[in-house]
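I've put the structures underneath this note.
Two complexes come next, and they have one chain in common, subunit A, joined by subunit B in the first and subunit C in the second.
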Partner chain A sequence: MSDFIAAYSWENIRYLLQGLLVTIEVSVISIIFSFIIGAILGLTRYIKVKRLSAIVGFVIDLIRNLPLLLILFFVYFGLANVGIRLSIFWSATLAMTVFESAMLAEIIRSGIQAVEPGQMEGARANGLTYWQGLRVIVLPQALKKMIPPLVSQFISLIKDTSLATIIVLPELLYHAQLVYGQNTNYVIPMFVALAVMYFVVCYALSLVSRYLERRLAR
Partner chain B sequence: MAMIEFKNVEKYYDKFHALKNINLKVEAGEVVVIIGPSGSGKSTLIRTINGLEQVNEGQLLVTNFDLADKKTNIDKIRKNVGMVFQHFNLYENKTVLENIMLAPRLVLKRDEAENKKIALDLLETVGLADKAQSYPRMLSGGQSQRIAIARSLAMKPKALLFDEPTSALDPETIDDVLKVMKDIAKNEGITMIVVTHEMGFAREVADRVVFMADGQILEDDTTAEFFDNPKEERAKKFLSKIIKH
Partner chain C sequence: MITIFTENWQALLTGLGYTLFSSILALFFSLIIGSFFAILEEMPYRILKIIARIYIEVFRNIPLLVVAMFFYVVVPMYVTNINGFTAGTIGLTIYTSAFIAETVRAGIQAVDPGQMEGARSNGLTFMQAMFHIILPQAFKYVIPPLGNQFINLVKNSSVLAFVAGFDLMYQGDIIASTTFDTINTYIIIGVLYLIITMPLSYYMRHLEKKLS
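The block that comes next holds the complex of A and B.
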């Protein structure tokens, strides 16, 4: 018990929170960029532009079927090999963004596809152009369907940032390891602290998701 | 100049020959009912008229534009040709009032106050003025279909296409929808093409009846002639079956 009290000294907690901040930074930047890129890729795959959609589809499938860790190694070690040197922080962020863009693209595409085809037909027959139908009728309905899978993907993303501990990104898990590295009695207390911190952040996100779903369900 | 004219139109889905040598002329203001067994090509035929299905050969002139020509801007035709679907296809994310006002606002750039007045008048006409703020999922089938008709009318179309408008409805709500359709046929002077199994409706308001089977038009007659004196054997059989039900 005394281990817990000693492990949770303000100094250690502050150190963990610094790690958490890095985790959140990487996550937020990756979420923003991968949502934009994923939306473009998903839409391109959906609207079937000759050739381009097929190429985009291939790239999405390729990335989705690689382990995130491998992509992380490619970005950090691979790019360095060909002379492109990114900081650890940006290597991690870029790897996350590449991987998540592909994941989100598929969520976005299938969300659009889940909207009844009759909605677009109704809009077209009513005189709207394809783009008007997409923007005003199909996409708003698709967004509503996408929110739960999008948010669970964001939650995975936050948890997956811990993989970047391998390239010594000073994120939450890495900082915890440094703390218990100095005193093995702190191992269990640090695991508990990690669990609480990841849980709080991720659970807060799922509450936001539920709120959005309810608001859009009107 | 006919409102709608098919000249030797052919349509394929891959190898399946869906429309075979279709020749059909519909004049402005005419009400034409298309009947026939399922799979006969009725829906395909009506869906080619506003370009939801592409024709492969021949000419299809709608309000003077040739739909068989890939260069034709389909949006120009759709502005003048409305469609009512079997499953309504109301915009799920919009209120009833917005369903009706959306296309006139976006496509015709109709003034907002006028747009609203026209929409409310139409809701009155179809007997659903109290549903203006409802969402489609709160409506019954019959109500949805009447809203869908109001939505089409708001565009002030020259022609209206009805693709089995009562086939997905509960029996007790069919009459409300048919009444609205009859009123349009009698009062508005809009060209109407209706795919339906409602023979009472056909008898009462159709100028002509077209009978289709296997992707072909087998009979094209005035309404009285078709019901009293059908010529084709398949049309006779079809009529005797459908009237027994």
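The block that comes next holds the complex of A and C.
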């Protein structure tokens, strides 16, 4: 018990919180970029541009079927080999963005496809152009359907950020490892703290998602 | 790129074997544990529902790597000596079981409630009805998401590289650090992962279309 009290000194907790902040920074920057790229890719697949959509679809499938850890290694160690050196922070962010863009593209595409085709037909029949129909009628409805899977993807992104500990990104898991590396009595307290911190952030997000789902269903 | 493969094919295939072995073990055990918690949540007792809910929510909201590291670092220190492969596979199993529990529960709920009522009014106990009537029917709904879980498992098993689990990613890491040709090594590793995951994901998509 005394281990717990000593392990949770303000200094250690502050150090963990600094790690959590990096975790959240990487996740938030990645999700913003991924949403933009994912929306472009998802729309490209939805509007079926000749050849381009098929190629984009194939690349998305490739990325989705690779382990994120491999993409992370590729960006950090692989690109360095051909002369592209990124900082640890931006390597992690880039790897997450590449992976999440592919994930979000699929979510966005299936969200748009879930909107009844009659909506677009009705919009066109009322004199709207294809783009107007997409922007004013289809996308707002699709966004409603996308929110729950988008939030759960964001949760898994936060969890996946822990993988970047392998390229020594100073995030939550890495900081916890440094703390228990100095004193082995702190191992269990640190794992408890890790579990609690990740759980609080991710579970809070899942509650938000559930609330939005209920709100938007009305 | 070809020389990396020809010179290290044994290590690469060993890694692929460990990756598949770990994924299959984890799928098998997480199906058992996941179904257990799914049934627990469907039981007509509040306390059991709460226990199941806590288990599922906790392991869904903690990174896999933290769970795997726990078994790699804490268990050998305080309980018993286990190797990285075992620790990683246990971590994978527990993490995945929370997701599979949700899948199985959705499957159970997709079965018409009349089936349970009919079984109970014919004199079966809750457990008998669950095992003989509900679960066999629920299984149909569970198959496609289970396939997707397996794809996730193959990808997620790359965390074994953190705990010296001899998997494909671990072997790739060693080859990359001995040959210094990181980019080509990782391309080969990527192709090997895709050989397993791509056909499976296309097949699962086909299966989902066929069933719906």
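Convention: the second predicted complex is superposed on the first by the 213 of 218 C-alpha atoms of A that agree within 3 Å, B and C clash if a C-alpha of one lies under 4 Å from a C-alpha of the other, contacts with A are read in each partner's own complex, and residues count from 1 in each chain.
The definition used in the following text is that a residue touches a chain if its C-beta (ideal position, glycine included) is under 8 Å from a C-beta of that chain, and two chains touch if they have at least 3 such contacts.
Bear in mind that the values here come from a model prediction, so they are computed numbers and not experimental data.
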item: Side-by-side fit of subunit B and subunit C on subunit A, or clash; value: fit
item: First (subunit B), second (subunit C), both or neither touched by A:Leu173; value: second
item: Partner chain(s) touched by A:Asn81 [first = subunit B, second = subunit C, both, neither]; value: second
item: Subunit B, subunit C and vertex subunit A (Cα centres) - angle in steps of 10°; value: 100
item: Contacts of A:Ser53 with subunit B and subunit C, given as first, second, both or neither; value: neither
item: Touching partner for A:Leu194 - first (subunit B), second (subunit C), both, neither; value: second
item: First (subunit B), second (subunit C), both or neither touched by A:Leu163; value: second
item: Partner chain(s) touched by A:Leu69 [first = subunit B, second = subunit C, both, neither]; value: second
item: Contacts of A:Ser110 with subunit B and subunit C, given as first, second, both or neither; value: neither
item: Contacts of A:Ile137 with subunit B and subunit C, given as first, second, both or neither; value: first
item: Residue contacts on subunit A - larger count, subunit B or subunit C; value: C
item: Three-chain overlay, closest Cα atoms of subunit B and subunit C, distance in Å; value: 22
item: Set intersection of subunit A contacts, subunit C complex versus subunit B complex; value: none
item: Contact set on subunit B toward subunit A in their complex; value: 50, 52, 75, 78-79, 82-83, 85, 87-94, 102-103, 106-108, 135, 148, 151-152, 155
item: Residues on subunit A engaged by subunit B in the complex (per definition of touch); value: 116, 118-119, 121-129, 132, 136-137, 140-141, 144, 218
item: Residues on subunit C engaged by subunit A in the complex (per definition of touch); value: 57-58, 60-66, 69-70, 73-74, 77-78, 151, 155-156, 158-159, 161-162, 169, 172-173, 176, 180-183, 186, 189-190, 193-194, 197-198, 201-202
item: Residues of subunit A that touch subunit C when the two form their complex; value: 61-62, 64-70, 73-74, 77-82, 155, 159-163, 165-166, 173, 177, 180, 184, 187-188, 191, 194-195, 198-199, 202-203, 206
